[in-house]
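One structure below.
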Amino acid sequence: MKLEDKIEKANVLLEALPYIKRFSGKSVVIKYGGSIMFDEVLKKQFANDIVLLKYVGIHPIIIHGGGKEISKWMQRVGKEAVFIDGLRFTDLETMEITEMVLSGKINNEIVSLINEAGGQAVGLSGKDGNLFTAERVKSKKNQDLGFVGDIKDVDISLLETLSNKGFIPIISSVGKNKAHETLNMNADHVAQAVATAFNAMKLIYLTDVQGLQINGELQSLLSIDEAIQLLTHEDVKEGMLPKLTCACDAIKSGVDRVHIINGTIPHATLLELFTDTGIGTMIEGKNP
Amino acid sequence: MKLEDKIEKANVLLEALPYIKRFSGKSVVIKYGGSIMFDEVLKKQFANDIVLLKYVGIHPIIIHGGGKEISKWMQRVGKEAVFIDGLRFTDLETMEITEMVLSGKINNEIVSLINEAGGQAVGLSGKDGNLFTAERVKSKKNQDLGFVGDIKDVDISLLETLSNKGFIPIISSVGKNKAHETLNMNADHVAQAVATAFNAMKLIYLTDVQGLQINGELQSLLSIDEAIQLLTHEDVKEGMLPKLTCACDAIKSGVDRVHIINGTIPHATLLELFTDTGIGTMIEGKNP
Amino acid sequence: MKLEDKIEKANVLLEALPYIKRFSGKSVVIKYGGSIMFDEVLKKQFANDIVLLKYVGIHPIIIHGGGKEISKWMQRVGKEAVFIDGLRFTDLETMEITEMVLSGKINNEIVSLINEAGGQAVGLSGKDGNLFTAERVKSKKNQDLGFVGDIKDVDISLLETLSNKGFIPIISSVGKNKAHETLNMNADHVAQAVATAFNAMKLIYLTDVQGLQINGELQSLLSIDEAIQLLTHEDVKEGMLPKLTCACDAIKSGVDRVHIINGTIPHATLLELFTDTGIGTMIEGKNP
Amino acid sequence: MKLEDKIEKANVLLEALPYIKRFSGKSVVIKYGGSIMFDEVLKKQFANDIVLLKYVGIHPIIIHGGGKEISKWMQRVGKEAVFIDGLRFTDLETMEITEMVLSGKINNEIVSLINEAGGQAVGLSGKDGNLFTAERVKSKKNQDLGFVGDIKDVDISLLETLSNKGFIPIISSVGKNKAHETLNMNADHVAQAVATAFNAMKLIYLTDVQGLQINGELQSLLSIDEAIQLLTHEDVKEGMLPKLTCACDAIKSGVDRVHIINGTIPHATLLELFTDTGIGTMIEGKNP
Amino acid sequence: MKLEDKIEKANVLLEALPYIKRFSGKSVVIKYGGSIMFDEVLKKQFANDIVLLKYVGIHPIIIHGGGKEISKWMQRVGKEAVFIDGLRFTDLETMEITEMVLSGKINNEIVSLINEAGGQAVGLSGKDGNLFTAERVKSKKNQDLGFVGDIKDVDISLLETLSNKGFIPIISSVGKNKAHETLNMNADHVAQAVATAFNAMKLIYLTDVQGLQINGELQSLLSIDEAIQLLTHEDVKEGMLPKLTCACDAIKSGVDRVHIINGTIPHATLLELFTDTGIGTMIEGKNP
Amino acid sequence: MKLEDKIEKANVLLEALPYIKRFSGKSVVIKYGGSIMFDEVLKKQFANDIVLLKYVGIHPIIIHGGGKEISKWMQRVGKEAVFIDGLRFTDLETMEITEMVLSGKINNEIVSLINEAGGQAVGLSGKDGNLFTAERVKSKKNQDLGFVGDIKDVDISLLETLSNKGFIPIISSVGKNKAHETLNMNADHVAQAVATAFNAMKLIYLTDVQGLQINGELQSLLSIDEAIQLLTHEDVKEGMLPKLTCACDAIKSGVDRVHIINGTIPHATLLELFTDTGIGTMIEGKNP
């Protein structure tokens, strides 16, 4: 490499300095999901991004679900998936498979990826250290959904213990209720609840879309008031509505900024954190 | 309850005091395995025993395998188990299922059981926090076994972090090698390696037999020298040989005492720790 | 011992687990007094109970008086005891003997008993580390009582230092006023003041009676309001009235529960703490 | 006061600075005994000296006996003192009185004096926190001495806990053996053992004489070799021989310097520590 | 020295004990200035006073300016001093010399003096650790003063770090504004701002006069209300007015007491802190 | 900026990750000197490099001299510089100016630069916190050099205190001897002594040349043995000889690697630390 190129690289490092300073010692909760989970290159890039964050003094916490992989394994054991109002009806056997897939497969893969990139990841579910307490929920039309839950309480003591000692928590969206039933939860909502409980500086949703699009136009920056108004907009559909709802809830409970970004862009997390314009949609509170 | 009965109960509590004092602040590594894993009553008793240990100031660390459950799930997905020299040949798909069963199912069940009993368990595999480093092994006849490994190194920093903060680590016998391949390991050996690395006071193997039987007679107490001699005895077979070998290795590397006990006896762990005669077979070092 | 009996003992240990969990890390102040102080068997049982509490994570603090022993030693040196309104008139010489008996004899005996049972007791009076500050009091009819005082202020820094490092404080009811005069104090009241200052979870009075009896019937449970009303009941006499008054004061200042129990029942303290129904009379606050 | 006089006082303060720097953060064990214990003015001066030491960053630990006061109280209860080879024969009743006098009277008086001077003293005996372990001893002619002991082991954890938190330990020469019998010990020897165990910078014996006199001449400074030779000198008698023996033992076990000084000189401790020439006799090790 | 004289010295030490107790662990900010800076004897006495304070547990922080020395060096490099409304007009070159003199000469001299006296001084300016943030000011008549600033913000983290580890901060009155221009500041005001930010117990101005004189009479004690009224008194002129203004500001922002004393009196700081009547003028708040 | 360019920048950041991991938590001592001190652009780049190091978890410590600036100011005050054997003869007045320039001007400029770049720099000389102790030295021909010293001892407690709390120490090469005389020292040697005392991972000399050139060829990598041999090579002259000598001394006393690099290359420090080939000359020990 020529000296000029090396110097150019040093310049790039220094461009990141203002962002490193701003986020140093802060926590960032990242909902990991979508196509990024199935692309070998993107996965490794993501893992490297996370390890870099940790080494420059930021505390990342990763939350993940994994609907597609659950469906695949249900099929393998010859069990048909049933959906009610778009939510997976989860009988005991489905829950068993769900937990094996989320906590025993996807979670371990993320841990391995990050450790391979040089981090110290620790895989968790909401059961570990009584991290989450959930409650069973019904569908909108009040139909039984089986072992589907909604997160009600987060005990961050395990996360603090790990984060302060240099470990990176990777959390699957499985938990338990007070009756100690295992429940499947919406990972977007889990990410919001963890970000709120941990008083995170940022909550980032990695998705397969560029961000929130209204009338075909990317909304780069939304105030919390604007975001709340858009919750009822017709362009805010299925996948986006729960994320936007969670984003608004997070801001209302004290998270500074929420980002909905395209995880298929290489190093999307770094781009969001370490460039001035960022990518995707940012929703911010009144005193961000 | 009559007052006399209450007083009698208080007397029983006080009989445990000398044992509580002796083990206070010490670590005990327990290999959890065998029929106890499939009996609802024994499982709950075990969980209560572990929580009691933690609350009286002892630091339990649980290691588990789960061969039977792996076979069951392999069957469910229509995959035949292949054994070479008594060891499961583990191709990539088998490893995938193994990890889902061990880390995603059995491990979570133990975490749930202990948390239901009032503890703060955290489920781990050897990947979490780079806890284990393993190496691939071949069969005795030098045949390829696929993703089967032997534990080579234990980094206890995650275990210390958790144990000191009141959490109970539950560890599945899955790890990785330096090439970041996921490997299945022998849980007896993992338990020995963890006990050695953590400088545990005791290593307890919960089995389905009363202990080591030679010529039809239970060996209650063996010196390390006696135990080593018995390694080649004809009555020390399959299931017992690896445990006795691990026991000897543990003693040689500094663990004070190793116990091979019958996990199907209710509260076997408490009986071992809190009664004078103990149960099963105890192997002890020269300066226990 | 047969295996069944051992298992039964393990079951008894586990019955204590919910109580151990509830009280773990909490402080319990125990007023030690009455016949229990003169019975060799009860004394040793008491000491064992206290050491067990410490080892299961509870922080006991013991307060004691010792009127009978003071009278005995006054007689030995040929000094007549004088009582005014039921309170010992305490001239300088009486105070000298009182302090020698309480701090130099009874206190040391309790320290020895507990250390013999395996604890790390430290004997204190209100002078040590300026633990108490008292004021001289007069009799109800405003007669001079000499060096008799009432506790006004407790500085818990010495108690915290000792308790956090694993020591068990044993405190005699002798202190000083701001003029540095040594004063004799009522141990029931000292216990209440220490429990209040230390924000103890429980205050236990060990007495010679079964608890508070009204119209010949044991009052197992009293709300603070009921207890206050009973202060003027004709069945609440001499020995009981100051204890009930102190109990009400303790509850009013934030102690969760106060117990008046029969110390002559073997292991009375353990029975109170570790059985569901408890023994004697319990007075509890509005949000216990 | 005139300004010149004030300035002169400031100069005196500053003369102490080199000594304060030298001893800052170090421990000094002081054997308190002799006439100083019975003179109201000297007692208060002593207490002020000790508090000043604590406030300028030195950690004083006080050891005391109290033979004369024991004799006085034995007489009061009509019990005759018996001496064998100059040592008090100590039957159970004598031991009871001895403990009451040492731990219940003299110790409390010293605590009060120091607290009145503004310190935070805590009275201890060898029983508290299992501070000492002793063994019974016989007379030189092998006669039974009853409950007389010699200190064998010092557990400094209680002393460290108190000293580091700003408290001043005051220790009576009463302890226990492994059979939990209460034993009376020689305070000079206790002081030496505590100084050795605590790795004190200085051990100071407050006596009624100017120091060690040989052929009528004060020995201001002795090397350890000179001191050992003088142990058999005819001028080293009764009271002095045990002190000189203890001094030599202390130096041999690592204490830097031992002083035998006249406690009846006002502020003897301060004079020793804070003036260049010191007072009395100093014995020093080879690398003081 | 005769024994009586030594004893008299010990008595003097003990007279300081009440003051040492009162100020132990507290911070005292001292504005060092005036003739004391140019007298070899006074300088050394001052240094010894400061080291003594540190060793007896008080945390001194020294602030200094140095106008005369600046003028001298300006003259040496042939630069004329210009004053506007009594304030030095500070062009870039003047600022350069000012900083060299204050931070490179006077500050180092004070550090050396204190270290020579046995302390651990650390020289700082307002730039170090971003200690101060200032703003440019104009003259009263709104004329440009060049690089002259007024302190607006104090970040005490560096001072706390150093003070807690036994170091003595020596601070020159040079700082920077948000544009990172170096500014010269009034040291009296800097001392007030540091005392306020550090929540100091005392702020002491060392001057060349006896204190505040009104109608030729020394004002020994002023309440804050009296002091405020005197701000407009005709006898409060040049040098005194800014000090009295700063004193009032300090009291209003929470400093307990401010002293304006004559630094040319030997050991003025010790006399103020360690004698009952003190010297000079004391202004105290409503609840000192 | 186009997305592709942003992604490219993220890739550059990640290339630094292996270096960040390797140096995380380690100390690097940097001798700052040469033309870099006089170039506004290079100075700012240097400051940014240092702040980036601190934020990614590396602990930089900066040492500087400043011969040219000293000469300039001597000239300004009309004082002629005298050199003996190439060393500045330093009379008292020269020393005064030297200290003002090094500690009052250059040091403050570096502090300002780094703070402006977002760091928390603290300027020190060897006097602060008794950081260095030096001894006077003579010229090679044994001529008096006045106040010129050689560093003999480094007390790192102040550096540790500051470095652990996030501050960046900037140290001028001025110190004192035991007689408290201010001495001027060679900054290359100071850097070596500090690197050795602090057990730094790296010592970097920023110079005006590309590194060590032998027979016109840059020596990229030298073993310690090779470096020692080159000490007598004719191409190792004036400026380089002391640096190479210091480098060898540093390696011999335990520093892992020493670098002699060209400070005029933009971001020379970053290039050295964060690229694989590095720049300039590296001397490494036997087990680097």
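In order of appearance the chains are A, B, C, D, E and F, and numbering begins at 1 in each one.
Note that in this section a contact is a pair of C-beta atoms (placed from the backbone, for glycine too) under 8 Å apart; a residue touches a chain by one contact, two chains touch by 3 or more.
Worth saying up front: this structure is predicted, and the values here are computed from it rather than measured.
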item: Both-way neighbours, i.e. chains that touch chain E and touch chain C; value: D
item: Neighbouring chains shared between chain C and chain D, ordered by label; value: none
item: Repeat of the C-D interface, chosen from B-C, E-F or D-E (over half of contact pairs identical by residue number); value: E-F
item: From chain E, the most remote chain by mean C-alpha position; value: B
item: Rounded Å distance between chain A and chain F, as computed from the means of their C-alpha atoms; value: 45
item: Distance from chain B to chain A - Cα centre to Cα centre, in angstrom; value: 35
item: Rounded Å distance, chain C centre to chain F centre (Cα mean); value: 67
item: Between chain F and chain B, distance of the C-alpha-averaged centres to the nearest whole Å; value: 55
item: Touching two or more other chains - residues of chain A; value: none
item: Overall pattern in which the protein chains touch one another (line/ring/star/complete/other); value: ring
item: Residue ranges of chain D in contact with chain C within the complex; value: 76-77, 96, 99-105, 107-108, 111-112, 115-116, 120-125, 127-130, 157-158, 161-162, 165, 167, 174, 176, 180, 182
item: Residues of chain B that touch chain C when the two form their complex; value: 1, 3, 6-7, 9-18, 20-21, 24, 45, 48-49, 51-52, 55-57, 117-118, 265-267, 270-271, 274-275, 277, 279
